[in-house]
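There are two complexes below, and they share chain A, which is joined by chain B in the first and by chain C in the second.
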Partner chain A sequence: MALTELPQLQMGFRDIQTANTGFLPAPPPSLLTVVLDTNPHAWELLSSTTGLTLSNVVANLLVFINAHLAFNHVNQVAFIASHVKRAVFLYPTPPKPTPNTNTTANGSAPNGTDTINGTMGDSNKYRPFARIEHEILTNLRALISSTTTSTLRSTTTTMMAGALTTALAYSAKQSVLLSPLADPISAGQDATADYNDGAPASRRGPPLTSRIMVVSVSGDLAHQYISVMNAIFAAQRQKIPIDILKLAGDTVFLQQACDATGGVYVEPEVAEGLLQYLMMAFLPDATARRYLVMPGGGEVDFRAACFCHRKVVDVGFVCSVCLSIFCQPLSDGVCLTCNSRLSLAGAITPAPALFPRKKKKKKRIAGDGTSGASTPMQGVTPGPS
Partner chain B sequence: MADSDGEYIQDEHDDDEHDLAIDLDDEEEMPTTSALSSRSKGKARARDRQPRRAREAWETTAQRGKSYGVLKEGADGRIDGDVEREAERRKRMRLRQDTRPFQRGIIRHVILILDLSEAMMEKDMRPSRYLITLRYAAEYVREFFEQNPISQMSIMGMHDGLCVRISELSGNPAEHVSALQLVRHGRPPNLLPREPKGNASLQNALEMSRAALWHTPNHGTREVIIVLGALLTLDPGDIHTTIRQCAKDRLSVGIIGMSGRLKICHEICAKTNAGDDSSYSVALDQQHFRELLMATTTPPVVRTASTVSPNTNTTSTNNNTATPASLLKIGFPSRTTSPHPSLCACHGNLTRAGYTCPQCRTKVCALPATCPGCDFTLILSTHLARSYHHLFPLKNWVPVSWPRAAEVGSRACRACLGAFPDVPAGTGTGTGMGTGTGAGTDGNGNGNSGRYECGDCGSHFCVDCDVCCHETIHSCPGCLS
Partner chain C sequence: MSVSTSQALEYLQGLPGMTQAKLYTQPSAALAIFRRMLPHLAKTIVMAMLYMPKPFPATDLDLWLRPDARRYATMHRDLAMSVLESLHIITTAQEKQGPKAYSLSKDFAKSLKNALTGGGNHSSFGVPINDHDRQEVSIAFLDDYARTQWETILYYMVGSAGTAIAGNHSISSGTKTLLSIGGFVEMKLNRTVITQTGFTFLLQEVNAQVWSLLIVYLENAPTLNMDEVDVLSFLFMLGSLELGQAYSTANLTATQQHMLDDLNDFGIIYRKNVQSSRFYPTRLATTLTSDAGALMSESSSFQNALRSGSESKGYIIIETNYRLYAYTTSLLQIAVLNLFTRLSTRFPNLVSGKLTKESIQRAISYGITSDQIISYLTTHAHPQMQKTVPILPPTVVDQIRLWQIEGDRMRATPGFLMQGFDLNAYTDVSNYAEALGVLVWKSDAKRSFFVSKIDQISAYIKGSQKGKKGE
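Up next, the complex of A and B:
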């Protein structure tokens, strides 16, 4: 056997090879942003019906976050709570603003406290895990205790759009911080051609792979439609998958979000196995997902809902000014949302001319030309639209 | 084309003109392409020193060369603050200046005409104008269909006095991109050789666009965007007749020049846009060219008979009828899968999955599409949602001065928790650091406190979040929470 075939020496040669080429390829840092829906109404309903409480879910999420951080030394995590009227960061803790209305010589002295005080519990715990857990729990308690009953009474929806937007901005900023020279806007597309060569920066691969994980318990939010869709398209553009863990409530927007961004949508049937769902379905990051078969992939309903009745429509009438969808052509030609006069020429298909049937006793009226502002008859073949 | 001239040498009064150049550098917010405005600025400055001959705008530009921006020293003699401000200024220059909600034409039919004449072999843009144009055209196609998913586009080229069609009018971006690749590498029947040749003919281009857009429906816009590198147009007939015809057919033409400003281009744009020639611009350099090209992906403002035009502040008397607001019948098919493969109507391929037209049950592969069976427009609701941010744009955020920053006391960006620079000591009643204007912001409108405030919710953001939220996300995180 030749000397080079000994396994130890082979490994040695391989090390020399990698040392010559530069570096061992390591998986890129991965940012996980968890958006937790803390709508108290929905949680109350959920815990009374299934017994799954917010503290259960938070405990499971903490284990999940620890697992994500354990994967890679440089992984990062952020935690955002989507509350009744606000979306706040639970981790990293946002520093409190320090307004000083009087001019002092030392204007930059921080008045508020940044650090989370208090003991961190078990000193045998791995310190980064303990620190994150402590911050999240402290901030969550502060958030819940600062919610007033008047706020709760005023609305029952949660600020999912705000949480998603904040998560996207945070991910973008973290990407910029890791590669300050790359153009953040075109990081996901072809970058602008450089002066000398046309090689886009994105060919090297993104410096940070981000993903957003949403734990949702509330239903759909019609008045946040535009903001949620904007967030979905922004995530699609920056190639950030949005994963959804649906514990209660039904929403079509979030399903479309998963489908559009390539995320995972799971509605667990057995609530006790929550941690298992988290670990199996949501833990792999974008690079691992290429080689795994991810759950979900059900039918996604892309049909539109009309603005007037919230019915799902196959054929809709769209105002060309404000792009709102209606199920029937409007009787008076005025759009409901933008109040502009619309010409109904494109919407109404005239009934084709019918020959009067002499054999029938009832005289059928020969319809020709436009039939006014009525919907086309069901049995008539539609004319050219 | 001849090579560019040698360096322009000034005749007299060197040192004073040098000061003049620096002043003009500071005052300009972005490179102005309109010669009119910079000429007036040049004349206003020159009028102060009456005995000297008034300098034309092109003279000061040629002397200045590329305006890199002159760095100024701060109060403590350092320039790194100024360098940061330059970087911030460049980032924010991309933001849309006007965020008033206008009615915009969402369904667009755009013809992109590229100049493939000999003037494009000029190497003032790297590697050559021709290659840069093709590269940017590919990026433009992708960006266009992302911003306007229910629109259609066609690409043509002005080559050797003729206008050749590079791709047909369609809503599929892959088709256009592959057609552009063919232009770059030549097509088998050799209809279009690789190199540009001959002269450009604007009349042929306009006639061909008019023919292509003839049968497009009334509720969509009809636009032509011409990229012109040549300084002449060689036409077979009277171009003014063509221009009149185009205006009558509701075409609206925009031109991006690469060499210089031409009277005929000005006339084309003015006549087809009801007297407003803001759609004619000349690129100063490569980056500017790209910005001008990408700016046309924004849907155009629809002009009615008596609106005040946003740019020129004059009431435009419209001789071409504006797009009437109408109710469109559109289908929203759902995705269906069947156990047995069947033919799709658009390509004739055997597929299992597809979208069925709600009117005639024909199967198509991809959306947005026009049903081949009944000519019905088929889209997904998400395609409509993509255009919402044009109709409801996010308002620009205001740069925050140091006194205001001290008043609010924000220490980190609301969206990304990035730390802000600390408010310097002694700020309260002062005017801020380092700049002359009283508001604490420099002349370009960039707050030197690094904070940007949303007018509605009052939260402070950093410059990266500013650019990100306005370019990509189109919502304010503060307003939504």
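Up next, the complex of A and C:
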């Protein structure tokens, strides 16, 4: 019951919003989840070819994140690294955010290398920006230093599916925390009351508008096809756009993700102008995107990967029960996903014989249009002679 | 955009360009203005232009707008551009025989870049002191301090309304003068009396109240030999500080040092004593440049918004029989309620009373409007009441309005009574007046009518008389 009511409530809210667009009260809080591909293999390749290094891109991303936070006081940020074999939260720091005391920035400085950020730097930097930056950098360093050569040797791909699902889970959690529409009895009620003090019930809890931005450098996600696609459909359902910044590699599925969720797809031609791409194409949030033309993917490659060999296929075989895709007919006729027995043998027999269409009728009509009464008689009678 | 924002924005727009440019050299001010004052689309445009090497052609901006939503988009664009231009953040650069293009103000762009990257050496985000204070100043203490100081000011104003409940208000003479300069209170027969502006002030949100008072303070700054830019940039700096952190007073200008005392009186910052070299911003300060409510909702940041807050949420319940129950222990809230309610009983955590015709009309006679009362009741409605739509019982809302209208039976229209015409001239001139739309009342029997403006009528009469003589 509650579930069915939920979309309607949100629709109602949107209607109200669009009705008085003359002076929007305040744009709703917006959550930006950045998924950064930190696959060392891909970065190595990229820095050797274009000179774009990880630290370079991270620095640009930090400015971008600060810009996002500067937009609105209630905006939030999450930063997830899609590393080899795992996805790691860089911000907020797991398992629990660092305590909010004033000693955080300097207290943890000695173990990091960020000692320059002492008292001198602090007065020149907005504190929340400084804190987020510090956390991201510390966690990223920890992640990189914890990566051993043995883990790198075992695989060359990145854990994009894991990162996307983590991002989606985080967005869902934050939006529930912010506006618990369904359940007023739970503890969440206090949170709503807190958030808009005394706002009318109809206006309460502006829904969190989330978006996910993926900075992708490595290609070949075919072996994660199913989980990536699931993540895409989940995002589509939750109306979370997935934006893709494609620096290198060739991934069919991320392009599809962006197309399905209405995100932005940009493949920068000039890597040096990365920041401008970020500021112009990726910074506008859902509120602003309503009025702006956003860069799209253009031609989208809709090919899928088969479930048996993780190959990207143009034409394949689909299980009639579970819609799994296979690149070749299954040998024993049992679907690998749902174990249904498929009579594949019948389907791949030579094409059925086609009876030649009786074309005479048409010819006759075209031939003698003058004698209308006699034609049907002649049209019926002739047999194959 | 909230009330407090538009107040501050209006003030900023009224400043001369030079003053604005000087203000923009501070990254904290640039960031605060960007975050707080600009419409959403304006922010997007500014950010897109921030790292753009060349001016942004106007045609490109138009292309960027979505064609299917063009009507809304252009409306928003116009709003955004007009705000940006009035704040001199964007200048229109007309290249020689080139197309129209926009460029960001250099100071603003530089400061905003510095704010985002943390570059430069400007110390505009406050110099924190990290060594431990002898006495730890907790956030709870600061909240408490801010609330007491601010409520003292409000008390002083409510107390001057002649209500029975009077707190021991001892506010500094500086604050008193400020309140009277701002027209919130006025002196009548050696007694301070709250004005209509004062009531409007009283029923606002805390954040809006703080801004109202600070804007009066700003307008008053030149007479106290204080530099407006210094005052403003200090306020914007305060908005970017962190709650519970001690900051040094060492690098402040003389004006700003002087301000510390006044702000301490308002409860915006806390200092142990006048000589202390450190100050603590309170929640009133840190929420100056955010849309989150100041003291009422403790949501200075998103994390705080999630934490269950203090008891000072909505507290008023009104029933359809005009009975009012307020779960409060605050003398100030009781005093405010007492302005328009007949309070009857008081319990340790509850006050009950009734909205009566007398009590509402008494409030109206003070200059409070029915809309102010209704909005106050709505914003402070108990969470239990906020679940219903509409929040207040419609019958109560209607009745409050009716009680106000009851007092408004007569309306005065200044104007001129015209009489002594013969029949022809009467119909002629009165028809002319009606056509002009200045006719307020007429009586055919008495051949007299009443107009609100006379200039054109007299010219018309003279003209027609001349015409007759000419015949």
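The rule we apply is simple: the second predicted complex is superposed on the first by the 232 of 385 C-alpha atoms of A that agree within 3 Å, B and C clash if a C-alpha of one lies under 4 Å from a C-alpha of the other, contacts with A are read in each partner's own complex, and residues count from 1 in each chain.
Convention: a residue touches a chain if its C-beta (ideal position, glycine included) is under 8 Å from a C-beta of that chain, and two chains touch if they have at least 3 such contacts.
Quantities reported herein were computed from a predicted structural model and do not represent experimental measurements.
Of the two partner chains, neither chain B nor chain C is touched by A:S55.
Once the two complexes are laid over each other on the shared chain, residue contacts for A:A67 go to chain C alone; chain B is not touched.
In the superposition on chain A, no contact is made by A:S146 with either chain B or chain C. When the two complexes are overlaid on their common chain A, residue A:A260 makes contact with chain B while staying clear of chain C. In the superposition on chain A, the chain among chain B and chain C reaching more residues of chain A is B.
Residue contacts after overlaying the shared chain place A:Y291 against chain C, while chain B stays out of touching range.
In the superposed pair of complexes, A:F233 makes contact with chain B only, with no contact to chain C. Of the two partner chains, chain B is the only one that A:D314 touches; chain C does not reach it. When the two complexes are overlaid on their common chain A, residue A:T155 makes contact with neither chain B nor chain C. Shared contact residues on chain A (touching chain B in one structure, chain C in the other): 97, 100, 102-103, 106, 177, 184, 189-190, 193, 195-196, 198. Within the complex formed with chain A, the residues of chain B that make contact are 94, 103, 106-107, 126, 132, 135-136, 138-139, 142-143, 146, 217-219, 286-287, 290, 323-335, 358-359, 374-376, 380-382, 384-389, 391-392, 406-419, 422-429, 462, 464-465, 467-469, 471-477, 480-481. Across the complex, chain B is touched by residues 85-89, 92, 94-108, 110, 159, 161-163, 165-166, 168-170, 172-174, 176-177, 184-185, 189-190, 192-193, 195-196, 198, 224-227, 229-234, 237-238, 256, 260, 299-305, 313-323, 325-326, 329-330, 333, 335, 340-347, 349, 382, 384-385 of chain A. Looking at the complex, you find that chain C touches chain A at residues 1-2, 27-28, 31, 34-35, 40-41, 43-44, 47-48, 50-52, 63-67, 69, 72-73, 75-77, 114-128, 130, 240-242, 244-245, 289-293, 296-299, 301-309, 313-314, 378-381, 383, 386-391. Those residues of chain A that touch chain C in the shared complex are 21-27, 29, 63, 66-67, 70-74, 76, 97, 100, 102-103, 106, 119, 121-130, 133, 177-178, 184, 187, 189-191, 193-202, 204, 275-276, 279-280, 283-284, 287-288, 290-293.
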